Structure formats: structure tokens, C-alpha cells
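Naming follows writing order (A, B, C, D, E, F, G and H), and every chain is counted from residue 1.
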Amino acid sequence: MTSRQGPLVAVIMGSKSDWETMRQADEILGQFEIPHECRVLSAHRTPAETAQYVDQAESRGIEVIIAAAGGAAHLAGVCAAHTLLPVLGVPMESASLKGLDSLLSTVQMPGGIPVGTLAIGPAGARNAALLAVAILANSRPALRDKLRQFRKAQRDKVLRETLP
Amino acid sequence: MTSRQGPLVAVIMGSKSDWETMRQADEILGQFEIPHECRVLSAHRTPAETAQYVDQAESRGIEVIIAAAGGAAHLAGVCAAHTLLPVLGVPMESASLKGLDSLLSTVQMPGGIPVGTLAIGPAGARNAALLAVAILANSRPALRDKLRQFRKAQRDKVLRETLP
Amino acid sequence: MTSRQGPLVAVIMGSKSDWETMRQADEILGQFEIPHECRVLSAHRTPAETAQYVDQAESRGIEVIIAAAGGAAHLAGVCAAHTLLPVLGVPMESASLKGLDSLLSTVQMPGGIPVGTLAIGPAGARNAALLAVAILANSRPALRDKLRQFRKAQRDKVLRETLP
Amino acid sequence: MTSRQGPLVAVIMGSKSDWETMRQADEILGQFEIPHECRVLSAHRTPAETAQYVDQAESRGIEVIIAAAGGAAHLAGVCAAHTLLPVLGVPMESASLKGLDSLLSTVQMPGGIPVGTLAIGPAGARNAALLAVAILANSRPALRDKLRQFRKAQRDKVLRETLP
Amino acid sequence: MTSRQGPLVAVIMGSKSDWETMRQADEILGQFEIPHECRVLSAHRTPAETAQYVDQAESRGIEVIIAAAGGAAHLAGVCAAHTLLPVLGVPMESASLKGLDSLLSTVQMPGGIPVGTLAIGPAGARNAALLAVAILANSRPALRDKLRQFRKAQRDKVLRETLP
Amino acid sequence: MTSRQGPLVAVIMGSKSDWETMRQADEILGQFEIPHECRVLSAHRTPAETAQYVDQAESRGIEVIIAAAGGAAHLAGVCAAHTLLPVLGVPMESASLKGLDSLLSTVQMPGGIPVGTLAIGPAGARNAALLAVAILANSRPALRDKLRQFRKAQRDKVLRETLP
Amino acid sequence: MTSRQGPLVAVIMGSKSDWETMRQADEILGQFEIPHECRVLSAHRTPAETAQYVDQAESRGIEVIIAAAGGAAHLAGVCAAHTLLPVLGVPMESASLKGLDSLLSTVQMPGGIPVGTLAIGPAGARNAALLAVAILANSRPALRDKLRQFRKAQRDKVLRETLP
Amino acid sequence: MTSRQGPLVAVIMGSKSDWETMRQADEILGQFEIPHECRVLSAHRTPAETAQYVDQAESRGIEVIIAAAGGAAHLAGVCAAHTLLPVLGVPMESASLKGLDSLLSTVQMPGGIPVGTLAIGPAGARNAALLAVAILANSRPALRDKLRQFRKAQRDKVLRETLP
């Protein structure tokens, strides 16, 4: 999604194969009309570029960073080490350990450098975007209203479900 | 900690025994002079009071809710279900499964209702407070400066460490 | 299944996608001719409606609540917090952690608010219904006789199995 | 606890060392004045006596069986195989795997023979007794009133908690 | 396999669906020309028949019992409780927890009642038969020679493997 | 324990620190008056001596090998690779992973080379000895009688247990 | 790959079925033009040949051994016991436990006999080869230059990734 | 340990509290008279200094980097991202998850950036140093002789062990 003003949320992921999952975050942010950008940046294969990107995020006007990675998932932690912005981590579902490795290496951060971690896989991607919206909404009343409508629609959808 | 203006952060926990861990969050918030309040509220033993407290949080001016619980740790999820505010979850270290149960029941939220989850135990308590500070700092430049100094002090402390 | 008298068992599930598993409970209850109703109600997306539904269950004559959910599976615990009726929990097999998250967040309830938890997935759905039958049978001798016949048929089926 | 009328609840455990945990169930049942009996019976070391005890439970007027065991915890499953009564299982916290083995071998019962499983350790012991009370209360209104008072007292205790 | 003399090894399994795995044991025993019989017997659905079968095994001349089950896999433990013969357990690969539940509920037997446990799934089925052969071979030199040849053939097969 | 005739059971362990656990096996074998020997031999630190010891076991008249190790516990598997005798494995309770590593690396043997694995820690040590007794008893009726008395005494002990 | 000079790296695997994964190591070593050889050798089925192969590796000029195995994966540890050369272990993704067993039985080596362990499955195979290259490059500047180019190409590939 | 020539091995750890474990690596390297240095450097709290230190390691003559960290243990991965040198990772035993988090976040590196991972805790610290020695010994025959003597002494120590 290209944004007219600078992006408010950065969505970065360690590998292009994570896009299949992270497009869920992109869709939610688009639905809320949040200016954002999505990038592939690896904590391990492009450490300098990742550090530089994250170091500059604050001055570019970004307010939340969403970082997704799998396996020994260091991306969110590396982001958090390089910025004062809130960082949200999404553990990818990994091939062998089904995301338990991604989850533990994203959430078990040492005291001092927080990463707010969401669920493994698509639900986590979706929720990272929604948590970013909630954070932005703290100082944007119109956005909070949209969030209220989103929640109401979601509730109504459940209430309309019928079983065979 | 009593606060002169209304609290910006609510720290709630499922049991008084969680205080030993959650005082770490209280201390960090105090150190940053963030008006906040700490309460014992149980998703299971006081569901109505918990729902009511969380329902009113937004209108009381609270901007972030930190919820800590152990075992089948539903508190953060229940909070998230009742508010549009960002909710951060801290999994307590449980007696038998060492917090793995607390972690999974806090972090694995379904798409639609996010909880930003921190590490199990004291590091998570500390980091929930720091993430709340980062969220508040998005619209409070002076707070971001304090956070920058905190990070710098933390960095300098590591760099001064000497080994025998 | 529509019931002529009011339902004795409520089967609720967090998402319509759980029906594929929970129809096993529906079938068992139907087989025993237990009046019951099946509903989609989410602890997180419809918290008020869930609380209201559970609050009224006792006065509607319901005697057992079966609650099924996956991931951070709070539904059974939330039900148990709102009723004095016996609550049985069925952990859904989740996408990434294969139901370990669902199991731990259903079974590891704190002292005071019990959830009787069954196995992950279809076997658990089936067994939740059978345990509900056993509970109802305590004060309904005819139902216990049916249960005795069910068990006998099940035993005979095993004894008739032949291997190639 | 000796009971004037025949026991309504049987609490059995695989080893005398489980008593330290299971006295929590005994205390709750005593508090609710439920006639009950506590016995050591092992699925593995006294299989015939266990089968005989459980086979006779229904005719002795017992309405709920609580079975506690650790490690390869077969006691609850073996009870369930021998009775039509509702069986509740309490996984003991085991020495090496901290009760994960006890939990899985109690809860993962195959379709057809249900065990309603509670949390690992003392919280589970306590909750097994409370779930037994809820089951008995279905046909005993006075007991349900006591349960309502118990829950209220428990709620009030949480609400009275103060933090330093 | 029907055996001319009475069977030396009993292979029992909790469900007919385990046969797909346990035929590996049947094949190995057939290959070594060990008289044996394979039966479906459930610890939970046919407890009396299982106990009776195992109680009589010793007097029928059986020397080793192989028991296979999944989930809360109590079959091997229940066998061991009813016989002085060596009992070998094979944990089935279960649907949700991939056999971790079967493994722990088979291997973690309390002191006093041993079950010699093999690997989860087909490798375990095969190895249970080979361990039974090794046990029988202690007093049958001709069988030990066959086992020696089997091992040699197995070794030679590995040594002949070529990679592309 | 020195034995007048050659040993029938070899108890080997990877480290002297395992003796605290394995003395349970030694005591059981002593109680049954089984000639046996206990040795420290490491799969990793003394591979040649271990291989040689195991290679010679059969010709020395040994009938069962019990091997205990912790962590990446290869000892039982290495023994099994070098002998046709039945090999029983005892996983030690390890410092960090509490024996889960020891268990998986002992029990998950590939098809072709079986290790009959017992429980983690002291119960496993005790049961390895009892399973060895059961194996030896197949061709020693007097030993089976002793085992019958042992089981009876064990059963009677449970039946005599009284609760406060 | 046949090599003109003697091999510098030995890639051994416990079963031919591991080749599907380990060809990734073969490809990387080929890409760096490292003389190497790939062999099937089993710790359990061909212990003598494995020991002999590893014992001779040093005198044949091999500098790094890569060993891959699954389940109770003893191959890397057995190699390490027989050589002073650096041994790298690759845990195979196993059928039931998804490689957790392979990982723990490769990495949890006791003090004194190290195995440098890589990730489960293909990523680990690839990385074992790359770590072998890094080790060889310590005394081969031209190889380090190739490694630098490899890393640069890898980085550039990430930077060129575009999202839809 | 100060070294007269420049260090060949760098031992870095994320926190001073890791020293209690990592002194085992220091002692082994000292025993082999390998010039080395030990430093506290955090991937999260001092990311720039860590990157700079690792970037310069190769030009300073360092040949192996040993990195130790706990929880979401990113230090070894971050080192590997910044150097072509072989990086060995030591997972610290963490408070709540006992090092499983540290292990998975160290070992499960994505293809392209290898970390050779050792066991959790002191055994891993010791073995990281021994693996570094083995790597250095590839081009230093005298060091390989020392390693041979170390192994021999270790073997002799096991062979001298006596049991009570």
C-alpha cells in the first residue's frame, strides 16, 4: 500500500515467504486507512540495513513497528533494540516446531527492551495490526470510533452465526 | 501509588500473590512518573467487577491496561474483550508448568481481539511498563526523552560491567 | 437439534469453525435424547452476550454447560466464572500448537472456579457429551440405563474387532 | 472424614504421598458437609481392589468419583472404565516433568470413556471437589445455595485485597 | 498369524486403527517364526476382558506382552498391573499431540510396575517385536542366531546404501 | 555388589553422579539375589571401553543390560548397537530440561535397534531392575515366585495405607 | 560429489532417507568447491564401521565432520566421541515429534564431548555446510573471500525482494 | 584473562549474571592456554557496541566467537549476522522455561547464517570452549596434541570411577 502522507506503521518481515501471513496485517491497516509500509528486512541477512531502517523510523514519523519472523526469530527484538517506538512481534509458524521456537524467541525478551508479542501465524498478524490501531487511536478519536465500529461488526458477525 | 491526576495506566492482576512480580511494573511506571493504579481483579472470581472496571477505563482517561495472570491466564484476554484500549499481558510464572500455561493462554488470542504479550515473570512485568511508556510517549515528547535517557543509562550500565 | 422441553445441556463454541468438531457432542446428546442447544458465543468477541447467556442458563433449567474453544481458549473459564452449573471444557485442535495451547488455557484454572476438561478435539467433544449424560444420569435412572447399554454396545464392538 | 450417611463422593489417590495435595479436596467437601471418603488405591499396584471398589461405587450411593494420580496417571481412566458415574481426574505434580505427564495421561482419554480433568496440583484438587459439589447441587437446591455463598465469599475476598 | 503351538508373544492394541502401525510387530515376529497372536483389547472399553486376557497369559505359555495404545495410553500399564511377564509398550502417534501424550502415559510408570517402552509409531512397533525376540532368545540359542543374522543383514543393507 | 557366579545383569551408567539414582536398581537386584555388576562407562568419554564391555557381555553370561544416562543420553542406544541382549534404558533427570532430553534420546530409537525405556529418574531405575527380573524369570520359575511375592507385598502395603 | 584431492569435510547421515535434507549441505559445499564426501553410516546399525570411519577421518585430512540423524539421534555424539575434529550435528525432522527429539539428543551433549548443533531440517543442513566453510576459512583466506561474496549475494537478494 | 598476543577466541555474554556459567568456558580456554577475552555485550541493550565489536573481531585476529545468552537469546545470531567467523552459541538456563527458550532462539537460525549451538548451561559453556579448541587445532598441531591428552585424561578419569 502506498501512502500519501508518511507511514505511521512499519510492517517488516524476515523473509518474503512471511508475506502470505503478514498480508493479514496489511489488509487490516488498509481497512483502517492507516498509512503504512511493508518491507522485507532480515535481522541476520541484512543487519546493517535493518538497524538503519529502524533507527530512522522515529524521525520519519512512524509510531509503531510490527516485526514478523520465524524460527530463531530475532527481528522484533533487534528492532526493539534500535528504537524507542513500540514494537509488536508476530511469530511465524515454523516448519518443524510449528512456531513454538518463533514464539519463545520473540516473547522472552530480557527486562529493558520490550516486544509486545501476538499469537503465532495469521491471527497474530491480524492482531498486531489491530493493536497498532489501538495504540494510534489513543491520540486520534476518529480512529477509535472506527475501531469501535470494527468491534461491533465483528460481534454482530458472531451473533448471526447459525449452526446446521 | 496514588496519582494526583487520573491514572494513565491500569495495572491489574488476578491474585494478590502476583504483586511480588508486578511491583516491577509499578516501580518502572513510578520511575517515569506515569500516573497509574494497581488493582487485584480476577477474570474468574470477580468477572462482573473486572468487566465494569475495564469498560470504564477509557472514559476515566486510562490509555494502556496491563493485565497479569497465571495458569489458565484469561485476565488479559477478558480485558481486551471489554475495551478498545491497548492491552498488554504479563504471564505469571506458574507453580507446575513454569509459566508455559500462562504464556500460551495470554498470547494465543484469536484474530480480532489483540493482547500484546510480554515475557513470563519479572522481566515481562518490567517490560509491560516500558512498552506502556513507549505507547504513551508517542504523543508526549518529554516522556520519549525520559525513555531515551533510561535506555542510555541501561546501555552504559552494561558497558561498565567487568568480569573477574 | 430443537428440543420440545427446555434444554438440559448447553453446547457453546467460540467460532463456527468449531462445529466440525462439536457436532460429535451434538450427535451423542441426540443419541441419548437429551434436550440441548448448540450456540456460537465468543468469550472475546461477544463477551456481554456470553455472560448474559451463561448467567441465565441456571434459571432456564440447563444443568450442564459444555464450552469449546481453541488457542487462548477462555470460553470455558469465562462460563465457569458466570455460573454455578458444572462446566465442561473441550480444547480445540489449534492450527500451530495442535491444541496444547487450547488444553492448557482450558484446564489450568485457578482454585475456586472449576472446569472439567476433556481431551483435545473430537474425542473430547464426544466425551464432554458423555460426561454430561453421566452427570444428568445421577438423578435420572432411565438415562443411566441407556448409558449402561451404550457402554455395553461399545464394549461389544471392540470385542468383535478382528485383525487381518 | 467419616460420614454418617453413605458417602456421596469418593476421593481416591494412587499413593499416600498424594494426600498432601488431595487434602484440599477433602477440606472443600468437608466445608460443604458432603459425605465422602478418601482412599489410597493404585491402578497398577492394586488393580483388582481398585476395579472392585469402583464397580461397587454406584450401588453404594456414590455419585461422583475423584481420582488423583501422577506420572503415567492411569487411575482416573481406570475408574472411568469401571463405572457409569462421573469421574473427575486430578493430575499430580510429578517430580521430573512437573505434571505434564500426569495431565496428558489423565485428560487425553479416547472417545467413549470420559474423565473431567482439573488443573495440575492443589488448585486441581480443590476444583475437583468444587465441581463435584456443582454436580451434586443439580438435584440439591440447598447445596447450590451454599455454593452461591462460597462464590460470593470468594469474590468478596478478592475485592478486599489491597496492594502495598 | 495362527500359530501351531501356543503363542509366545501377545500383541494387543487398544483400537483396530492401531493395526496399521502394529502390523510391523506382527511382520517381525512372523519373520522370526515366533508363535504369537494379535488382539484388539481396550483398557477403557473392555477392562474386564483385558484383565482376564492378561491374567491368563502366563499360564497359556506367553512370555512377552506387547501393548500399543494412543492418547491417554493406559493399556501397557494396565497389562503390567495384571501380570508378572515382561510388558513392552508402544506409544501410538496421536492426532493432536503427535504421540507425546501416548509416550508419557506409557513410559512414566510408577516404581513397582515396569513397562519397557519403545519409540512412538512404526519404529516402536518394529522394535517391540525385536526386543521380544531378544528376550525369548535368552533361553533359545537358535533364535539368537537368527537375531544375529537379522542384525548382520540390517548392517549390510546400510553399508550398501549409495547416495546420488 | 560382588557376585559369586558371573553376573546376569549389567547396570552401567554414564557418570558417577547417576549412582544416586541407579542404586535403586542395585537394591532391587540385590533384594532378588540376582548376580549383577554396576559400572560407570560413558558412551562419549570411553566409547571403546563401552563397546568392548558390551561386546563381551553375552559371552560372559549376562542376560540383560541396564543403561542409564542423562541429557543427550546415548548410552543405552550405543549398548543396543553392540549386543543382541535385551537393553533397558533409564533416562536420568537432567539439570535444565528435567529429563525430557534424556527420555527422548533414549526412547526414540530407530527401527532395528530396540531399547526398552523406563521412567525418568528413580522410579525408572527401580523398574528397570524389576523388568530385568521379569525377563530372567521367564526361564527361572523360582524367581517368578519371588516376583509374585514382591508384587503381593507391594499390593498389601498400598492396602494398608491409611489417611489422616 | 567426487573430489580430486582428499575430502576436507565428511557429511554422514544415519539413513538414506536423510539425503533429501542433507543434499542441501552437499550443494553448499559444492558451491564453495570444498572437497567433501557424503556417506550413510548408522550409529546403531553399523557402529563398528562408523567408529572406524570417524577414527580415520583426521589422518585422511578431513577437518570437519557433519553428522545428521533423527529421533534418538546419536550419530553426531558418537562421531564426537571418536575424533578430535570439530563435529557439527544436524537434527532431522522426525515423523512424530517434528525434530524435537532429534534436536535434544544432538545438542544436549555432556561436558567434555562437544557437538556444534544447527537448526532442525534443511536450514540446519545448509548452515552446517556454511559453518564448516567458516571453520575451513580460518586458515584459507581465499575461502573467506568466497564466503564474503556469498553473504553479500544473500544480503542483496533480501534487499531486492518486493512485496505485492 | 589477559593475553599477551591478541585474543583468538572472544567469549561474550548478554549479562554479567551469565558469568557464573561462562567461567567454565574461560577455565577450559585458560587450561589450553588459548589467548581469549571475555566481555559483557548485549544484543538488545548495547546493539551498536555489539555490532562494532563483532565487526572488528576478524581484523583483530579472533578466529572463533562464543556467545551466551538466555531467554529470547539473540546474541549468538546477532554475532553471526555481523561476522564470517565461526560463531558458537551457549543457551543459558533461564528462570522460567529452564533454557528451552534460550536453546530454540539460539539454534533455530534460518538458512544462511549458522550458529553452532551447544548444550544448555555449564556443559554447553565447557563444550563451546572445547569446540573452539578443536576448530583452532585444525591448523595448530600442538594444540591438537593437547586436546588428545585432555580427552585421554577425561577417559581415564571415567575408567577410575568406582561405585560404593
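Note that a contact is a pair of C-beta atoms (placed from the backbone, for glycine too) under 8 Å apart; a residue touches a chain by one contact, two chains touch by 3 or more.
Everything numeric here is computed off the predicted structure, so don't read it as measured data.
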Chains touching both subunit C and subunit E: D
Rotation angle (°) superposing Cα atoms of subunit B on subunit D, nearest 5: 90
Averaged-CA centre spacing for the pair subunit G and subunit E, given as whole angstrom: 35
Subunit D and subunit H: spacing of chain centres that average the CA atoms, whole Å: 50
Length of the line joining the C-alpha centres of subunit C and subunit H, rounded to whole Å: 52
Residues of subunit A engaged with two or more neighbouring chains: 15, 42, 45, 71-72, 97-98, 100, 107-110, 112-113, 115, 119-120, 123, 151, 154
Each pair of chains that touches, named by its two labels: A-B, A-C, A-G, A-H, B-C, B-D, B-H, C-D, C-E, D-E, D-F, E-F, E-G, F-G, F-H, G-H
Of subunit A, residues touching subunit G in the complex: 15-16, 19, 23, 38-42, 45-46, 49, 71-72, 95-98
Residue ranges of subunit F in contact with subunit G within the complex: 14-15, 42-45, 47-48, 51, 70-74, 77-78, 80-82, 94, 97, 100-101, 104-110, 112-113, 115
Parts of subunit G lying in touch with subunit H, wherever the complex brings them together: 24, 63-64, 84-86, 88, 103, 107-120, 122-123, 126-128, 130-131, 134-139, 144, 147-148, 151, 154
Residues of subunit G that touch subunit A when the two form their complex: 93, 98-100, 119-121, 123, 151, 154-155, 157-159, 161, 163-164
